[in-house]
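To keep things simple, chains are lettered A, B, C, D and E as they appear, and every chain counts its residues starting from 1.
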C-alpha cells in the first residue's frame, strides 16, 4: 500500500456497470514529508475520504474491488482503504 | 485506474479464442492537463468508447477481463471502464 | 496488453511441470512505429506465433496461464494472445 | 519478494473493516549492502516484525492478504512474511 | 517471465508458515548477453536451481506460489520455474 493525498474526483456517467454508485477519486502519491512522488492516479473510495485527506491506497484488483464495492471481481485496481491519523517514525 | 485518451485500435484475425469479438483499443495515458504520460498500450473496450475519448482504464487482469467480456479469466490485463465527463480538482 | 515483436525462444529441459509442452518465446516490446521500448522478456505462446511476428502480449498471471495452457493456475505471467494484422491510428 | 528495512508504522482509526486489528508498517526497500532502493511503502505485518528489522516483503494482493490476516481477499497488496537472519552470497 | 541469474539465498528462521520448507533465492535479472538489468530480488525455488544458474523467473503471486509450494495462495510473488539450457535468437 502507499500513502497518497486525495486531490479531486472524476465524473463519468458512461461507465462499466460494476462501477455505478462508486466514487472515483484522484489521488497523488506522497512521501513521508508529504512531498509528491510520481503521477496522480484514480482510486475508488472504500471509506468516505475527502479532498485533502492523507490516505492509504491499495493497488491490487481483486482485493481493492471487493473492499470498495463489497462485490467480488469488479473492474477496479486501486482503492482508498484507510485515512491516516499519524505516521510513527522510530 | 488511470486516465487515458483513446488513439486507435488494433486489428488481429489470429487471436486467442477468449478475445474473439472484443475490440482492442490503443490508449495513451494522460495527466490532468491532458499531457501524455509514458507509453501507449492496449486495452479492451468494456463500453463503446471512441477515438478521442478521455477514459478510465483499469489495469488488472481478472477484473478487467470479466468487465470487458462478461466471462471470467479471459486473457486480458487492461480494459476501458468509464468515459470521463469532467475532472473536479478541489 | 502491449505490442511486441517475437525475437527468439528459450530452451529449458528442467522446468516446472506446468510449463512442459509450452513454447517460451522471447519478445521485445515495441512502439507504434516498431521502435524498441524497454527490455525484452519471456512470454508463453497461446497461438502459433513465429519469430518476426508483431503480437499482442498479455501480462497477467492467471489469465495468461489459462490462455496459454488451458489449465488454471500455471506458473506463467505473460502470454502471446494475438498476432497483429494492422494498427489503425485515427 | 524484496528485502526491506522496517522504519515505522501508520496509525489510522478510520479504515476498511478488513484491516481492523492489523499493523500497517512503513518499509524501505534495501539492496544487498543495506543501501536504500526506491521509495518506502506500506506493508501489513504477518509476523511480529519490529522497527529496524531486515525483512522479506511480498507484493501481491491475494497471497499477501491471506498471509497477513488469515482471511482471503482482504484489501492488502504487501505483507512482511519473513525476518532475515543472514544473506548468503556465493 | 524474465531471465535471471541465481546469486545467493536468504536465511530466515522467523517466517510466515506458508514459506516454511521453501528455499528463498536471490536472483539478478539479466539481458540476452548476460548483462545485469535492474535490481536483484527474491524468488522461491520451484525446481532445484543452484547459484550461477540462468533461470526463468515468474513474477505473479498466485501462480508462482502454487508452482513453488504445491499449495494455493501462499505468500509468494516470484518463483524460479525453469533452468535455461540455450537461448535461440533468430
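Points worth noting:
Just so it is clear, a residue touches a chain if its C-beta (ideal position, glycine included) is under 8 Å from a C-beta of that chain, and two chains touch if they have at least 3 such contacts.
Note that the structure is predicted; figures quoted are calculated from it, not measured.
Path length between chain A and chain D in the chain contact graph, taken as the least number of steps between touching chains: 1. Once the centre of each chain is set as its mean CA position, chain C and chain D turn out to be 31 Å apart. Averaging C-alpha coordinates per chain places the centre of chain A 19 Å away from that of chain B. Residues of chain D in contact with two or more other chains: 60-62. Following neighbour contacts from chain A out to chain D and onward until the ring closes gives A, D, E, C, B.
Residue ranges of chain A in contact with chain D, taken from their complex: 1-3, 31-32, 37, 46-47, 56, 58-64, 66-68, 72, 79, 81-90.
Residues 7-16, 18-19, 24, 26, 39-43, 51-52, 60-62, 65, 73-78 of chain C are the ones touching chain E in the complex.
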